[in-house]
Every structure is written in C-alpha cells, then in structure tokens.
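Would you mind keeping the following structure in view while I ask a few things?
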Amino acid sequence: MSSVRDEEELHREGAADFVAMDIVGRTPWQLFWVRFRRDRVAFVALGFIVLLVLVAIFAGPISSAFGHPPNAQYPNRLDSFGTPTGPSSSFLFGVDQIGRDVFSRVLYGAQVSLEVALLATAISVGIGVVLGMVAGYFRGWVDTIISRLIDVTLAFPILLLALGIASACSLGNGCAAGLIHPGLGTVIVAIVVINWTYIGRIIRGQVLSLREKEFIEAARAGGARSRTIIFREILPNLVAPIVVYSTLIIPQNILLEAALSYLGVGIQPPRASWGQMLADATSIYSTAWWYFAFPGGALLLTVLAFNLLGDGVRDALDPRTTT
Amino acid sequence: MGAYIVRRTLWAILLLLVVSFLTFVIFNVFPSADPAALRAGRNATPALIEQIRRNLGLSKPFYTQYWIYLKGLLEHFNLGYSYYNTESVKSEIFSRLPATISVTVGGFVAWMLIGIPVGIISAIKPRSLLDRIMMGGSLVAISAPVYFLGLVSLFLFAQGTGVLQWAGAAGSYVPITQNPGTWFNSLILAWLTLAAAFAAFYARMTRGNLIEVMHEDYIRTARAKGLRESVVITKHGLRAALTPIVTMAGMDIGLLLGGAILTEIVFNIPGIGRYAYDAIVNADLPAIQGTVLFGAFFIVFANLVVDILYAFLDPRVTYG
Amino acid sequence: MAVAAERTPGAAVDENLLVVRDLVKYFPIRKGLLQREVARVHAVDGISFDVKRGETFGLVGESGCGKSTTARLITRLLMPTSGSVVYDGQDISTWPERKIRPLRRDVQMIFQDPYASLNPRRSIGTIIGEPLRLLGIGDRNERRTRVREVMERVGLNPEHFNRYPHEFSGGQRQRIGIARAVVLRPKLIVADEPVSALDVSIQAQVLNLLQELRDEMGLTLVFIAHDLSVVRHMCDRIAVMYLGKIVELASGDRLYDHPRHPYTGALLSAVPAPKASAGRGRQRVVLQGDVPSPVAPPPACRFHTRCWKAQPICSEVEPPLESKGPRDLAACHFPLTDGEVDALTERSAE
Amino acid sequence: MALLEIEDLHVSFKTVDGVVHAVEGVSLSLDARKTLGVVGESGSGKSVTAQTILGLTRFPNATISGRILFDGHDLLTMSTEHLRDVRGARIAMIFQDPLSSLHPFFKVGHQIVEAIRAHEDVPRDLARKRTIEALSSVGIPSPEERFNSFPHEMSGGMRQRVMIAMALAMRPDILIADEPTTALDVTVQAQVLELIQALRDDFGTAVILITHDLGVVAQMADDVAVMYAGRVLEQTTRETLFTEPEHPYTWGLLQSIPRLDAPRTGRLNPIAGSPPSLINVPRGCTFHPRCPYAPPPAFETEPALTPSQPGHLVRCHLPIEERKRLWQSLQNEHPALR
Amino acid sequence: MRRRNAVVVGLAAGALVLVAAGFSSGGKTSGAQGKKGGTITMLSNGDVDHIDPGQAYYQFTYAITYITQRPLLAYKPNSVTPIPDLAASMPTVSANGLTVTVHIKHGIKFSPPVNREVTSADVKYAMERGFDSAVANGYASAYFGDLVGAPTTPQNKVPNISGIQTPNKYTIVFKLTKPSGVFVGALQEPLTAPVPASYARKYDKGTASSYGNWQVATGPYMIQNNAAGKITGYAPGRQIVLVRNPNWNPKTSWRPAYADKIVIKEGFDPTVGTKQILSGSADVNGDFPPPAAELKSITSNSSQKSELEFTATSGSRYIALNTRKPPFNKLLVRQAVAYVLDRNAMRLTRGGPIDGKIATHFISPDFGPVGFNQAGGLTFNPFPSAGGSGDVAKAMALMKKAGYKSGKYSGPQVTQVADNSPPGSNTAAVVANSLAKIGFNVKTISVQHAAMYTRFCNVPKNEPNICPNVGWLADFHEPQTLLDPTFNGKNIIPTNNSNWPLLNDPAINKLMDKAELELNPETRYKEWGQIDDMITKTAAAIPWIWETSPTLYSTKVTHASELWNGGEPDMSFMSVK
C-alpha cells in the first residue's frame, strides 16, 4: 500500500514532508510553544490564571491592603435584620450574611479553587494514567477488571456519588479510618473517584492504539522490556493527551468542588469557597446581589480561563483539531 | 442483534446489581446520621433506638441487610421505606418523576434546539465573526455553573424577586396536569439554565464534528457528483456529524432523568434530584439507595438504548 | 563490519540460518462479555521454508496473505500457534520473551510505515541508539559514536542526531529505521514492506541502501513486499503467499520466467510494465473476484475459487508444496505449462 | 478543439507554515475519447490539478488562477451553482480511496440514485433501474442486492466499481480518475483498469488518469504529462514518453523502477535527493537540485515548457540534441530502458 | 419544642424553622366570626415529619394533626391553658396524684371509611400503639412511661397497658406509678387522639406501621382519601390536601372550621413563598419564617406590616459547652465564655431583633406566669453586656482567675460541631469569632443538621467541646418539659442524649427530682424558676435567643389566630374574607 496523499490534505494537516525540511531543529515542545503563542485568547487566559495564582498566593497581603481579614466579622455592617450591606469604599464587594468582607473571601476562595483544581486533577490524572496504561498495555484480565471498574463508576449518577462520598466523609473524623478528612481532602477524594475514569479510559484507548504502532514493535524487536516500552516509548507519547485532558478537567474539577461546596459537603467553614458563598447567597439573592455576583463571577471567569487555556493547549498540541 | 440485546441487557442488570451493592457498602460503611435515632425521635430512650435499629435490620451484618434489600427489590420491585418518614421509596420516586421529566425533557428540547443550529451555523462559516461570537459565548455558558446561572436568572427574570419580572412562578413548580401554562412559566428559567451549558457543549460538538466531516473524502465525492451544497451539508455532512451527538444526547438525558440535582435545588423543583439530595442530607439509606439505583438505571438504560440505536444510525457497527 | 567469518572456523555450520516448519498463526476473534472466541483468522496456516545464510529471501503476496504475520513470527514479535522457527539451530518458536531478548542482537526488523515506526516523541539519535542501550552495549559516548557512524552510513547527516522524526521526509525516516536495524550489526534482518510507502525515486534509494548494507555486512535478509518487481529485484529466492499458505517457492529468475502456480502467473500478468508496448500482445489473466476471507478460507487449494484452471479435485484435496521442476516448489494440482506462461508474460511475447 | 483545455493554472493554499504553491502554470488539454495520463510523485500537484477542474479546491484559503475551458465555458470562473451541472453529469471523478470516498451511512445504490437525481428529474424507480444497470455494467454481481449494500460491506475492488458506476451513470464526457488503483492490490488493480478501459471504449468517455505508477500510464494513456513540484515537466504521447523521453526527471523515474520485463540488475539508478518543499520551491528549474545534467542556466531561470517536436513538450534547459544523446547513452547503460 | 426538634428539621434553604411552642405574645386574634367556605393555601419549605398522628412530633405537623385529629385536650389559639377537645371535661386527678380520670364526648365519629363513634377504647389503643416500635412515638415513654404496666422496653407489637382502663365507652382511667406534674398537660399530645383498633391493627403490623397512609380523622378536616381509606391528599414533600370530615359534628367542637378546603403546598423557597403570600396567590406561611430581607421590606411597608404577626416560642436557643472535657469543665472558663459571647451578632444570623429577644436564661417569656416570671423574667441576667455584644474585659478577668495569665486561653484547639447550612453555620461562625477574643482557636466541623445531633451532640462519647446550634422547646407549658430532659444529670444517656452540656449538678438534680413530683402548680413553677437560674449560672449552656415566630397572612384571609404553640396558624380558625 502506498500512502500517497493529496497535497491539500497534507497541508491542512500542517506537517507535510515538504514543509518539514524548512523547519529546523525544533523539539515537539518548541513547536507547541510556537503554536501556543499565536493563540492570543489562550495567552490572555494564561495571563489571567497566572494573575489568579498570584492573587491566591498573596491573598493575605492583598486583603489586608484593600479589605479585611477573611474571617473577621463586622456585625455593624449588617442592618438590624441581619441583612448584609453592599459594596462600599471599605468593603469593596460588600459583606456577607455575618458581616465578613466578601472581597477578601473571594480572594481566599481562589486558593480553594486552585488547590482543588490542581490536587484533584493531579491525583485523578495520576491514577487514571497508571491504571489506563496498565489496562491498555497488559490487556487481558487486568484490562477487564479496570474497564469494568470504569463501567461501574460511570453507571453511578456522578454528582450523587460525589455527594454521597463527600457527605459520608464530612463527618468529624472523616472516613476510611480517618485517612480522608472532611473538607479539602474529602472533596478531592470525591472528585478523584469520579474523574480518574475519564482519564483512565482515554489513556487506555491511547495505549491500546499506541501499542499497536510499529514503533512499539520496533522497540520490542530491539529487545525492550515492558517497562522500557511503557516508560520510554509509550509514556512520552501520552504527554500530549495527558496535558490536554488535564487542562480540560481542571475547570470541571473547579466546578465540581464548587458544586459540592454549594451543596454543603465541600470545604469546611470558616474557609471561604466560592461554591459555599453561592450557597449562602442563595437565600438572600434578591437583596444581596453582590454576594452571589462576585464569587459567581470569579468562579465563572476562572473556569472560563481554564477552558480557554485548555482549548489553546489542545489546539497547539494537536494541530489537526478543527476548532 | 437479538443475542446482542440480550447480552447487553444482562450486563446492564449486572451493572445495576454492582451499583446497588456499592451504594449499600458506601452508605453503610460511612453513614452520616444514625437512622435509628432519626426514626426514634427526640425523647426516645436508647432502648427504643436499639429496637428500631433491630426492626430496620440495621443491626444485622450489612451483607444480610443487602440480601434482604435485594430480595425485596427482585421479588416485589420494592425499594424499601424511608427511614425518615417511612414512606415507600418507590412511590416517592415515581411521584417525583413527572417533575424531573418536565425539567429534563424541557431542558433537553431547549439545548438541542439551540445547540445544534448554532453549531451548524458556526461550522458553515468557521472563523467568521458570527462563529467567533457564538463559540465564545458557548465557552462562557459552559464555564458557568448552573446554580450561578440559576441565581442570576432568578435575580434578573423571576417574577416576584427578579429585576425584570419576566418568568412567573419561577421557583415554585406546578405540575403540567394542574395548569400547563403555569407549568411552562414555572419551568422556563430552569430549562434555559439547565440547557445553557449543554447547548453550548452541543454547539461546539456539532461544529467540530461538522467541520471535520466536511473534510472527509465522501463529502468531496458528494460535491463531485454535483449535489447542491445545501444537500451536501444537511444530508451528507449532518448525517455523519450528528450521529455521535445522538449518542451523547441519549446518555445525557439518561443521566439527567436520574435527577438534575443542582437545577432542581436552585429552582425548588420537587424532583428526584432534590429527593436524592434530601435523602443524602437525612442519611436516609433506603431513599439514597433507591435514587442512586434509579439514576443508575437510567444511565445504564440510556447506554443500552444508545448502543442499539447506534446500530441503526451507523451501519458500520456490527453486533454479533 | 561483521561478516560471516565471525563464526568459529571449522565448526559445522548449517547452511540454513532460519528454518521454518509448518508455521501456523491463528488470531482469535473474540466477542461478547466473556470474550469468547467465536472465530479465528487463519493468518498463517502451515508454511515451511528455509533461509540460507547470506541470501535474500523474498515473501510476496497481496494484502491479507499473511506475509507480515510471518515476518513477526520469525522475529518472534508474535508467538506462533504451532510449528517451529529454528534460528541458527535453535527452535525459538516457544521461547519466552525473556529468553528471546538476547537474540534481538542477531535478528532485527525494518518496518513498513516510516511514520508509525518511529516514536515521534524521541530524537532520532535515541531511536537509533536504543537497541544498543537496551542490550547494554558500550557506554554513552561509545554508543553515540556508533550511532553517528551508522547515521552517516545510511545517508543521514550525523548532525541531525538530536532532531525529531517529524522533521524528516519519508525516505529519510526509512533510513532512520534501517539505521536502527543495523546498528546492532545483526545477522538477520526481516524487512516488512520497507519501501511500499515511498515515492518511486526515493524507493530506489532505499533499495540500493539495503543492498549495499547487505553486501557489506553479510546480512541475511528476509524481504517482504507486495510489489513483484521490487521483490524480484532484491531477492535470491522468493516465496509467493496466498491466504496464509505458500503457493510457490522458487529462485527469483525461475519464478518470473517459469511460474508454475496459476496465482503466480496471474500476479505477474497483472503488473503493467512501464513501456510503450505495455499490455499489448499478451494474454492478460485478470483474476475474477476478491481474495476470500481468511476467517473462513476455502477448503483444499485456497486459490481454487479464483483459478481458471481449477478442477473438482482442487476443492477436495489440498495440493502439497512440491517440486514441479528443478528447484521449483509449487502447491498446485495443475501447474502452468511453459506455453501458458509464454502467453501470460510479455517477455516471451517480444 | 480540445474537449477540455487547462491554461496556465495556478493553485496555491495559504497555510500556517506559508503559502503552498501546489500548481504552477499547468496547461493541459484533453481530446474527446482520449486518455490523458498525469504522472508524478506525491506533492507534484497532479491531484490538485484534477480536483481544481471540478472546483473541489475552492477552499477559503485557496488562490486559483488561469483558465479551464470546457465546452466553451471557463470552469474556474463559473459559479458553484453552474458548476454543479458539470460536476458528475459532464465531468465525473473517482478517487483514490473508495472506502472513504463513499458515504459510510448511505447504501451504495442510494448514493448513485442521488447522483442521477441531482442532474435529471427522473422518478425514483427509474433512477433505481439505471443505477442497477450501472452497477451491472461495472461487473458487480447481483446488482439488485448490492444496491442495498453499505460501502463497508464491500471489498475494495467492489467499492471502486461502485465509484465508477456512479461516475458513469450519467455518461459523462470526461472521467477524472485520481489514483484509482493506488489503494488496491495488483490483481484488483488489473480488474479496475480493465474496467475503465472497457468503459472508455464502449462509451467514448475521455479519461484523465492521475497516477504515480508509470506502468499504469503505459497501459492506459494515450497522452502523458509528467508533473513535478506543481509543474508539467514533459508532455507527449505514451509512445514517445517511453521510447524517447527527453526530461531528466522522466529518465530518473524510468531508471528508479525495478523492472519485471528485463533481467535483474545489480543496483537501481535513483534520483538523488528529495522533492522540494512547495512553500519554498528552488530557484530556476525546480528539478535542478536533483538533476545530474543541469546546465548553469537551470540554476537561475526556470525553463519554459517548449516543444522539442510536434506534440512533445519539455521543460528543460538542455539542448534537444544533448537530451537525445543522453537518453541514448542511458539506454545503452540500462538495457531495460530500451 | 414541638420540632421533632433535635433531629428532623430542614436542610435546604437556610431559613427552615425549628421553632415551636409558646404563648402568643401578639394575641390580636381577629376572626371571631368568619365566613364559611373557600380554600386556604399554606406554603411550607419542608414536609411533615410523619403523617401518622401517633408518630408526628414536629410543630408543623401538629398544625395539621390538631385540625384532623382530636386529642383528649387541646389549646385554643393564644392560650397556654389546655381545654377539653375529645374529653368532655378536664381530667380529674386523685389526691395522691396516682389516678387520672377522663370522660370523652358522645357522638364523635371517625371519618370514612370507619364512620363509627369514638370510644374510650380507641384512645387506649392510640396510646398503646405509641409504645409499639412499629409506630415508635418519640415521647410516649417520656410522658406516659409512668403509667402502670407501661412497657419499659420497646415492644414489637401493640402492648396492653394495664394502667389505661376503660370502664365504659366514654370513660378512660389512667393509673400512675408515681405522681406527675406533667401527665395531665401531656394529654394534649396527639398520641391521645383516638385510633380505631380493629381498623388500624392491620396497618400497625410489621416493622413499620402504615396507618398514616390509611388514617381516619376525628377533627373538622381530614386528609383527602379514597373510598378504601387510602390517603390520596398527601404527596410527600409536595402537597397535603385537607377536606372537610363529613362525620365531624360542629356541635361537639369549639373549632369554627370556616374553610372548606386547606391545601398545604410544600417545597417552597422562603423568599418565593413570602412573595406569593404577599401577592395573594397563597395565604399563609407554614414551617418557614419570611427571610430577614423580606421581613425588612414588609415591616417598612405600612400596609404589609399589618399582615405580619409575631409569636414567642416556648424555649431558647443556646450553645452547649461540654462540661466533661477541659477546658469547659472549669466553671470560670465557661462563665468567661458566657461573658464574651456576642449574642447580638448571633441573633443577627437569624434576623436580628425581629427574631426575638436576647435570652438571659432558659424559660422563655412565652411561659409567662408558669415559670418565666419565677425565674426572674427579663431582669435575671447573670452575664450582662452592653447590647448583648459581649463583655471582653469581664471575660478576660475571669480567664485570669481561671489561671490563664494573659486573660486569654492558651490550651489546645477546641472543637465545635455545627450545621453545614445557614443559619446554623453562621451562628457557629459568630461563636468561633467571639471565642477567639479570649484566645480560643475553634475548629468547626460542619455536618448535616441531623448528623450533628445523632452522631455528635447526642452521643456523649463523641461530643465535641461546643455544640453551638442546640435549643429546646417545650412540648407544652410545663417548665419540666423544657429543663428536665436537657439538664437533669439522670437524663444523660449514651445515645440520643439531650443533656448536651452533660450537666450533672447534684443540687440541680435534687431540686428537679422534687419539682417533678410536685402537684401544686404554684410551688412547682417557683421551683422550676429557681432551677432555671441555677442552670444559667453554671454557664454549662449559654442561652442567646428567645425566638419569636413571624407569620405572614395574605390579605385574602382573616387575620387568623396563631396556634397555641406559637408556630403555625390554627387554620381551623382562619377564614377566607
């Protein structure tokens, strides 16, 4: 079989033989960076995320410069009915229902979102990658077990499952013999239990197709053991999908954390979390718009930025995507 | 094909059994409130609580409890009785199903009607201004959590509380049998809110698929044989581009029929999602078990239906 | 460079480096929840041949005939269902992977697809040097030197050591694949369709390179292709495969001048010659229909469903692969006569 | 007057990496009932040329200039709506990969019926009848049953027959076959080529045959154009091309192929180097970096496609005599070229 | 408190009321003469706890139970004095306090499908089934456990209690093992409402009674049912439909029962519900108070203001300090906490002054002469501070006295377990903030409301240092029902404990044991008032609010009366204008 392809197609794919010779000495990562930098929107999103990270890190100094400590209460900012007052020069985003500075709490909420996003993503990706690779590479009964496990997990109504795990583990000493503590730990566990399956499935599929690639046969023909093949041949090829799907599930994880906190089983008070602020705001939304608008807006922007970044990363890593 | 359906159905049943078992394990190992104490009331003695614990079978080993539960389920399709108010979980779920179906199906119609046309329009002129606006907007919609959108829409539009007083009866569900007009009014915001992220996602999917399909060789063939461009797009392009979307739609609606938890909570809709949430908060194991199983049933069933449907939509899929 | 003389002088040396006997490979088709085996693909269904030291042995056939599976069986990338693969006097057909590994030094493979056979995430220096590293040959610097030498030899710029496969054209990539195969100075190379993905002008370069390396290194080469002219150009002896069976095995020239199996005749006849008189004055045999499915191959002679000379016996008794003339083996009840061959091929028509 | 006249066709595509000059100044003509072979390696622009005839390269990033005259009309300037009447009905096309070229979700019969009804207002059952006839005429056994088959249920050869049936159902004036046998095995290739020949002879359809296989050209074509890097380097009759080729690239191609019809040789004579990037085409003669005979002018200026004798166009700076002499000596060296 | 308090209670929208009983402080009952007919629509956020009157133990449920069932005694609106309902006259108590005799009215009939006259045996059965764990009444053993022959261990069938005797169809005699100050008061509990034994027995079989879904009524209204008796008017969590009981005879009842139909719509967001009542599409709020923001706008609108009424509730909210664990095993430390607590800020988490007075002890103003006044009324305030905002200086002085030199706590972190939803979560946050002023680092574990009790605060061995979200309302107007379960050392039990501070003060215990047996009301109320003060001074539990419960009426209904227990309106006294 010959693989003569028509020129138009080759060029649409952006990596034609003819073109390749003009580009010299670039590693795949350099290529990625060149492409990524062209995507202005993704670049702005990256900027926003960097800013957000800085805000989260320096939430303390910022809030003491422009606001008040996140857990300090200012009952005199509540009227005699206990309803909060709106934005003012000393409380930029107004106060919440017990007189805390919404501005500071939004800043501190960024910490939670980012921590969860990064930790939960890292752990679920880690588990997903390992199990996906094991299943895809060794196939057989290992694959059967892992795949069925994924099937079962996906057969659960996921939010209910997360809610159940989180509410079960949000009891005093946590669950699993105290290994999982209420709050951040619980949220992360709930997210990981659900999310590893997506990564696992994708990685498994990738490995299944990669292991049929001739370069794997070539490695085996060269005398490579399974370990070598997995780590030196397959893993480098998974980096791109791992990065892409990590950036895509980060925003999902942020949303899931917020949803769990919204439902009251997430981050433990008095830590500020955007989801919990939204939940608290629900009962007074018609009078205290600032209380849902600011945390909600922050959540929306953050998720949006991660989504945009994810799109940009995906496009840059996989030039064939059509978005 | 028949054998395939049988096999898949058996697998679906097995899955549900596993799900029910795992639910049982999870909520038995990590119960959040003591159901016997809940049931016993404020002034009850510890002895009464123990007695109730025995009556509810809570003192038996959990596998025995599970076996009893399973027997009831298989023999009488009995999902048990709530620890919380001793109501039949099955009848509770079924009586809430209309509300959930109202939200879900309405949302589904809304997101399909919005998402797919938007996707097609975007795909026809990729990178045009319209495309960019629609895709940018869709990303915003995807990024907005439903409870935030819900609050914003209530704040802006709900009659009584909203700035614009547009959607009446929002926040108070009225069954369609009672008054279709009010039913519609009470759900319109919930539909749109629920549909927003889905519509956006479907728009992006449709657009991506269609653009990809339009680069396929068979589209070139369709053009080469002299078909109108409109036919090429709507018949040859969409037929292939929408097939995977049908699959997704089936799965999504299956997932939501088990309860659109967040939407039902934000808009106070007495559906299964809300019931499930309340059940978890009340540590009402039979209700949790029932709703999880019910949700899982829809997920598994939707998967099954979608797989079979796919055989009709995509002739390349063979089942044996 | 390593040559055959490396062997211990005087030791009794088998003329055959590779002896394949009754080699069978079935791939199960599994279905359902329990992954029951419902059918099997008869990819290779009992083939036997020998490869002599230093010769180039060709395997030719159309897609799905089992030639690539055969390649993977003799390099033991696949485990045969039954039959034996005797390499240098040792039956390696049932060796576990661990035991096979040292053998990789001697037996190497070149792959068809220059895109898929190179790991896109690794620089070509590491790709070519990987077999050295795996077998623990030399230290880092020695390996690097050797890789550069090999790169130079196959016509790659050693400066490109740190570049990635996507920066190379198809022909260059195939050179990388060849460099990887020869860097260990193996005795046997199995080349599976090494040029079929290349343009004609590049194909010739690669074929020449392979020939040169073979001669320099005293390689034994198993060369697999669907293109008859390429196989003939490269090989000393050629086996023609059809649906998992060898239907004819002969020396290159005899096979082309005196095909005995009707399938060989049909193949030869189907190739249009690049000359003005192409197709004129010969009686082309155009086979009817398609190759049957290897899941349920026809009984007895597998070619009988498409053979214009088929008789009832062809669907009842499987013809053995036996001598139909000096040094020619063919599996046919009714081998082609010289007269028929003359009508089929252009050479004789001229 | 020729049936189809391509004049000075230029096609380029804007890509992220730069402008790809896929076709540069190609002029070809096709006479009725004749077969024009266009031969070249990948990236030579042969497929783009073919697809441009039917306006299939009208992408947003494409720039197309020149003229393609068919039946007195310029296909390049024709609106897509008018071009639609030409597509399929007057000029039909078949492609390299018959599996991906047929819509996987529609029955093959339906896909042909659709083609017929796109041009002629015929009732469905009549279109069906014609479809079955067409399927039958391309040698598909039991066409009534096959009408209802999906593409994936057929073998590669059968699919290509379906494509041909679809192309010929409208009795077009021209059939463009773009690498019709590349994806097929050699025995199936023989079947398909024979079929195209038979149909050409029966219906008098002119054929443009795009291929990289000189053997296929030799068997099928009346006239041959050799393309390289978006340009036609040599164009003549089949007879002349194989007996008196004048372009070093053609020589190179002929020398590169191992021959079945000649005794084995030790080594092949490949063309050195690789084809150029279409984004950055070499100055002067595009082939000069790979040409062993390139005279100094070839480094600077691109030669024009000029007749060396009637009906034989060559794009080369070498003097005609020199070319003849070189070809002679090549033939002496390599008997296979004779 | 009539909430099946501790345990049930809502989760969702934050404004769920746990409130209960009390003397209507407003007392501006109108509607002496209402119009017959029409439909009243009540809105609620949550659902009833149990539809079975024998299981019900939640003030919101009682609002329905009292108009569908007739216990022996009941309260008229705005009264803390029980009067006969099913009973023909007030019970007579023998001099030794061991025999209580009640006569019941003639001619009271069960609703369809039973349709027969109510007899004393029906009351006996109703009370006995409360001891069956298939019914598992929450208060049966607490109030009726002193009956002769009352089971001391849970029963798996309806027991025969020898202490309930029915000498004739219309007389019921209770024999007690010891005198009880609360027994007569307890006869107003819905458990005394008759249940037809022969009809109900089949539903009481098994591990959980299903009588609730087949119940028959004796009151003016009944839950809509079908011919077979199956309840059709109850869709849990969504709706309860009450229709007239055709067998109800107005002559036997003091309830006017103006409306023809009462619909309770459930699952309402408090804000939305409030708007609907204001707009007239519903008539009155059920289990939720209008949210603070709404109250704010209503009270500032002169026409709407008059549609709002406030009722005091019969108890207080307090924070419980675990007296068994350091540091709150020290009196001085607890008293420091009592000083530093910003009760004003805590009250703001529930709506500010409109939600009630800052509590200074436990018996609420709702009790008035039956304990509140005796405890010192509004003037008894052992831990005063300006505006109730806490006195940090005093607190620090006490801490110094307790041995913390800086005046600030320096020991290990203390833990509190709180609701994970407002307002409880907010209250807890304020508590943590207050305690921080004297050096406490409070770790808050947030859990669901129910779990807070059943897993933590009600289980002494799991109990944290602080349970900030507890409270207790009286079941009826006897201070014993408020103070005894919650502070008597003998009532500390390993599970379902409601003595949250784990207070076991011999002096207090002794006085309580004495007061329980006291039949003379005057002496009894004085003793309980004294007990209240003693408990307050231990600062083992620190009360911070005597809540009032706001009820909002639509303009379409008469300004109806509030129910005796201060929670919900008595719909049998409301009429459509």
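By written order: A, B, C, D and E. Residues from 1 in each chain.
Following the convention adopted for this analysis, contacts are C-beta pairs under 8 Å (C-beta built on N, C-alpha and C of every residue); 3 or more make two chains touch, one makes a residue touch a chain.
No experiment lies behind these values; they were computed from the predicted model shown.
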Both-way neighbours, i.e. chains that touch subunit E and touch subunit A: B
Chain pair with more C-beta contacts, A-C versus A-B: A-B
Length of the line joining the C-alpha centres of subunit B and subunit D, rounded to whole Å: 54
Rounded Å distance between subunit C and subunit E, as computed from the means of their C-alpha atoms: 89
Chain centre separation in whole Å, for subunit E relative to subunit D (CA means): 92
Sequence positions of subunit D contacting 2 or more other chains: 41-42, 51, 212, 274-275
Multi-chain contact sites of subunit C, meaning residues that touch two or more partners: 63, 169, 199, 226
Set of subunit E residues in contact with two or more other chains: 11, 13, 269, 271, 447-448, 451, 455
Of all residues in subunit B, those that touch subunit D in their complex: 216-218, 220-229, 231, 236, 239-240, 243, 313-316
Subunit A contact footprint on subunit C (complex, rising order): 35, 63, 72, 75, 77, 97, 101-102, 104-105, 107-109, 111-113, 115-123, 130-131, 134-135, 162-164, 166-170, 177, 180, 184, 193, 196-197, 199, 226
Interfacial residue positions of subunit A with respect to subunit B in the complex: 9, 12, 151-152, 154-161, 163-165, 167-171, 175, 251, 255, 258-259, 262-264, 275, 278-279, 281-282, 285-286, 289, 292-293, 296, 299-301, 303-304, 307-308, 311, 321-323
Residues of subunit D that touch subunit C when the two form their complex: 41-42, 155-158, 185-191, 193-194, 212-219, 238-239, 241-243, 252-261, 263-272, 274-275, 290
Subunit A residues touching subunit C - in the complex, by the definition given at the top: 1-4, 15, 17, 20-21, 23-28, 144, 213-215, 217-225, 228, 232-233, 236-237, 239
